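Look at the two complexes coming up: chain A is in both, with chain B in one and chain C in the other.
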Partner chain A sequence: MQFRLEKRREPSKLMSYATPVAAVLLTMVLGAVIFSVIGYDGIGAVREIFLTPLTNSYKWQDLGVKAAPLIIIGVGLSIAYRANVWNIGAEGQYIVGGLAGTGIALLTWGMTGWWILPLMVLAGMLGGMAYASIPALLKTRLNVNEILTSLMLTYASVQLIYYLIRAPWKDPMGMGFPQTRLFSEAARLPTIIPGTIVHLGVPIAVLVGLVAWFIMSKSVFGYRMRVVGAAPHAARYGGFSENRTIWLAMLVSGGLAGLAGVLEVAGPFQRMVPGFPTNYGFTAIIVAFLGRLNPLGVIVAGVVLAITFVGGEVAQTTIGLPNAATGIFQAMMLFFLLAGDILIKYRLRRVMPQATAGTA
Partner chain B sequence: MTISRRNFVKISGAAMALPLMGSSAFAQVEKIKIGFIYVGSINDNGYNYAHNQGRLYVEEKLGDKVETVFVENVPEGPDCERVIRELAQQGCNLIFATSFGFGDSLVKVAPQFPDVAFEHATGYMSGPNIGLYNARFYEGRAVCGTIAGHLSVTGKAGYIGSFPIPEVVMGINALALSGRRINPAFTVKPVYISTWNDPAKEADAARAMIDQGIDIIAQHTDGPAALQVAAERGIVGGFGQGADMSAFAPETQLTAIIDHWGPHYLASAEAVLAGTWAPGNTWEGLKEDVVQMGPYNAKVPADVVADAEKIKAGQIDGSFHIFTGPINDNTGAERVAAGVTMTDAELLSMDWYVEGVEQPA
Partner chain C sequence: MDLMLAILITVVGASTPILIAALGELVVERSGVLNLGVEGMMLIGAIAGFVVQFHTGNSYLALLAGAGAGVCASLIFGFLTLSLSANQTATGLALTIFGTGFSALAGSSYSARPVTLMRPLFPAEFAASPFTKVLFGYSFPVYFAFIMVAAIWYFLHRTRAGLILRAVGENDQSAHSIGYSVIGVRYMAVMFGGAMAGIAGACFPLLLTPQWAERMTAGRGWIAVALVVFASWKPFRLLAGAYLFGLVMTMELYAKAGGGPLSVIPSELWAALPYLATVAVLVLISIRRDASTNAPACLGKPFLPSN
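Moving on, here comes the complex of A and B:
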């Protein structure tokens, strides 16, 4: 018995929904096997990583807080990737957004007023957009590959943090540690459920996902992004400017990454520290693809990735699984997803030996 | 027992009093569960490895009376907050947060768990249930600097630092002061790499400084990467940090500063078991055996070893303190007058470099 891949006449809708689910399930099965083989409690590992964060209600707040930035950045990336604009530097835009918000928080330090937080959020989004406009400009003017430039700018932004917190923004009370002072009350994101750590950024993330879904599926803007990505020639013929699309895609994804950055620094961090970059911008790439580049899917995918992070820590303490296991599970998920994507455009057909005799 | 009105009042009164009792005194426990939070991997063969050795030491000494858990590679930020809550919720009675950057998270979470004892390594923010502990690593640096002053041919040492915090600045200064006691032209060039553990960055910094003429390397980061580069390039030598790293560079490690946290961890665990734990602020060194020196390399001449041993012995019996004046800073201004020894408070807020240290970028 042999199998052959056969091109489908139309991409399979069923498969495009089924493969993300299959990728998660396959990861769980293969993960259990691999970790059993190398001497850990494999089934326990899968249970602790994927189920405990869901069944233990005490963990839900952590899931929300961890998923929020992933969702916000992932939604932006999904819009850009739909248009075939490959912004890989969301981490850098997230950082610059966080820095811009920090700048406002430090300028208004000691002041009170409802306007401080909205101003920080605005600054964060503008910061992210400004940083994303560098690769956009290079791409549209000089045709420089945006994958490369956006990625490299991430490393530059990390150095920008180090520069700012070591000299101009250093906390006068911090014993010399390179970090800014703690933001004053008006610059901190409020907690929305008393007694938990769930901050305003969590509902904002869900809202961003819903609004983006509505825009992408119901508006001309969304239509343009999808057409340019799916059929660039047709789009050009239809009068959609490619450069304008690149600009829009970079600004939207950069602005949302910046929003995530400012919410993160005003929420969980409440000051800028060297540990601010935690790879949310890179993890969000997995989130965007796992969510099928659909904002609603991204919300679910953000939660799934948050589960693996939170569960990974649980597994370390309960069954002694090494920290690297979390990364292995996340990578397997992306691998199976991308590998499974072939089933959207192709179908697996069983062929009888005699049928292939002529071609073999 | 039926719940009469009177009983109900009694029970609810007791229930209300419970949290108050918990916060005023730590109850005696039969069996202790200890949580450890590490910023890096327990396999870094340096700082985090040493903390984990301390954990194993407690396990060995207390046997069935203790259960330990640990979480490694915890970033210094909100992720740490979650890990601390996770450990406290899992029933740990005592939690050690072993890196400076965990302080913010500890201060936020500790008040939610008044019955849990927290201890923060190398930090400065204490609380009703947050104790502080640290080790006088600079004493080990003074021994290393003595060897460096004798052996360096170019008279230049490189120093890979993580962050310019007092703890690190103190180490750089101790190395420079002790080196200059032997060779007045001895200088130290610090480079900060903004991370505790990134072997690639550590190696790059080591290579760059070797190209600039240093022939001794010291580091305040968590792994043996710099020593390996030193071995590869064949410079005079370097020092292990946190643990004996001679296995990674047998020809190159001149000696090592070994963090021996075990006795401190054991003392805290026993205090929690006995119900006598209170937030302390300990800063122990060679004398208390919390800082140890590794074996001297065979290539270190006997007279140099003797000199190093003299510095070590002097710090143990209290006759020698590396931060005794006269000390000038690197702009030439006198900071400590002759015969005066800096206080612990002054050391713990040190943000200036002594003469002979190149001002880092």
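Moving on, here comes the complex of A and C:
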């Protein structure tokens, strides 16, 4: 018995929903096998990474807090990737957004007022947009590859954190630690459920996802992004300028990454520290793809990736699985998803062995 | 004079892994495939090379292990993008994320365990005077990188196999219709790129810092990808580009070590310089209009035979 790939007349809707689910399930099965083979408790690892965060209600607040930045950044990236604009420097835009918010928090240190947080959020979004506008400018003016420039700027932004917290922004009372002082009360993101760590960023993330879904499916902007990505020639014929689309895609994804950055620094961190770059910007790439570049899908995918982060920490303490295992599980999900993509455009057809006439 | 020699030797060391990785990626891209997983394959090569060096002490075996590990990693990419025609950009990114996680897991029990650096290729008598030391004082990968520059140029422009590889990268449909296996050629190129990235990764513990550290390649794989664009897909220009970057990185080392006019600028700026220089170089190359026209015509596009 043999199988053959046959092109479908139309891309399969069913498969585009089924492959992300299948990718997660396959990762769990194959992950258990691989980790058992290399000498860990494979089944335990899968149980702790994928199930414990869901069954243990104490972990739900962690899930929300981890999922929020992944969803916010992932939504922005899903819009950019839809338009075939490959912003992979979201981590850098997240960092600059966090730094811009930190700048406002330090300027207003000791002050009170309701306006401080909104100002920080605005600064964060503008910071992310400004950093994303460098690759956008270079791409539209000089046709420089945005993948490479946005990524190189990420590496540079990490050094910018180190410089700022080592010299001009260093906490004067910090006993020489490279970090800023703790933000004042007015510059900290409030928690929305008393007694938990769930902060205002969590509902904001859900809101961002819903609004983006509405805009992408119902507005001219969304139509433009989808057309430019799917059929660039038709888009040009229809009068959508390619450069304008690149700018919009970079500014939206950069601004949202900056928003995630400022919410992180004002929420969980409450000061700028060397450990601020947490790779959310890179993980959000997986989130965007796993969510099928659809904002609603991104919300679900953000929770799935948050589960693996929280579960990875659980597995570290309970069964001694190294932290790096989480990254492997996440990459495996993306591999399976990309491999499964072929089933959207093609179908597997069983090829019967040719029954030749005249044989006994 | 002694300082100049020391700087020169450091530049050679810093340039070699970038050059080797970029040469591999150049061949991959000439066949029409864009593999953005160089950084991930380098990390996998680095940990494989480190482990073999740690347990056997045989540096040549360590390089071979790096190459083998790089080929294995590249086959994941090859299978997804060539056999299943998955999106090359996304798959390359996934490979880098995977390589980062895999190398961190494999290396988790090896942190803070030193290995010995690879020994120079030529006997010590050859490198007795300062002048001969600059020529004969390096270990095997440095000479390997130089030889590969010439070898890859010769392969691409003077051999039949190289012509087929370029044809596949420039016009896959035509190459297919006159009977060449587009997918087969691309598999070979991707595996070669994997081997070179693996060797380049193994150079980090063998030539630069004799230990394992997570993410020890620190974005050099991405710089290698950028250099291929900078070099307009030409091997000898790659040589110049890699040594330019080696110089920038060496300046960072000397600035951090302190002293001299270099330390006026904050060390973080020096550390950011290779990445900013990459952006600057990409800008410069784009201003010269001919650069992008030299890109292989089928770069990054999946091949599906039209008949």
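Just so we're on the same page, the second predicted complex is superposed on the first by the 354 of 360 C-alpha atoms of A that agree within 3 Å, B and C clash if a C-alpha of one lies under 4 Å from a C-alpha of the other, contacts with A are read in each partner's own complex, and residues count from 1 in each chain.
Keep this in mind: contacts are C-beta pairs under 8 Å (C-beta built on N, C-alpha and C of every residue); 3 or more make two chains touch, one makes a residue touch a chain.
Computed from a prediction, not measured in an experiment: that's the story for all the values here.
Per the definitions stated earlier, placing chain B and chain C onto a shared chain A by superposition produces a clash between them. When both complexes are overlaid on chain A, the residue A:Gly275 reaches chain B alone and has no touch with chain C. Contacts of A:Ala45 after superposition on the shared chain: neither chain B nor chain C is touched.
In the superposition on chain A, contact is made by A:Pro322 with both chain B and chain C.
Within the superposed three-chain model, A:Val262 lies out of touch with both chain B and chain C [touch as defined at top]. Applying the stated contact rule after C-alpha superposition, one finds that A:Ile88 touches chain C and leaves chain B untouched. Within the superposed three-chain model, A:Ala301 lies out of touch with both chain B and chain C [touch as defined at top].
Contacts of A:Tyr162 after superposition: both chain B and chain C are touched. Of the two partners chain B and chain C, more residues of chain A are touched by C.
In the superposed pair of complexes, A:Asp341 makes contact with chain C only, with no contact to chain B. By the document's definition of touching, of the two partners only chain B reaches A:Gly176; chain C does not. Overlay on chain A, chain C versus chain B, candidates 99-107, 207-215 or 225-233: the clashing stretch is 207-215.
Within chain A, the residues touched by chain B in the first complex and by chain C in the second are 162, 166, 322-323. Put simply, chain A touches chain C in their complex at residues 86, 88, 134, 138, 142-145, 147-149, 151-153, 155-156, 159-160, 162-163, 166-167, 282, 285-286, 289, 322-328, 330-332, 334-335, 338-339, 341-342. Chain B meets chain A in the complex at residues 35, 41, 69-73, 75-79, 81-83, 86-87, 89-90, 100-101, 104, 124, 163-166, 169, 194-195, 348-351.
Interface residues of chain C facing chain A in the complex, by the touch rule stated above, are 36, 76, 79-80, 84-87, 89-91, 93-95, 97-98, 100-102, 104-105, 108, 214, 218-219, 222-223, 225-226, 229, 266, 268-269, 271-272, 275-276, 278-279, 282-283, 286-287, 292.
Residues 58, 62, 65-66, 162, 166, 175-178, 197, 264, 268-271, 273-276, 278, 309-310, 313-314, 316-318, 322-323 of chain A are the ones that touch chain B when the two sit in their complex.
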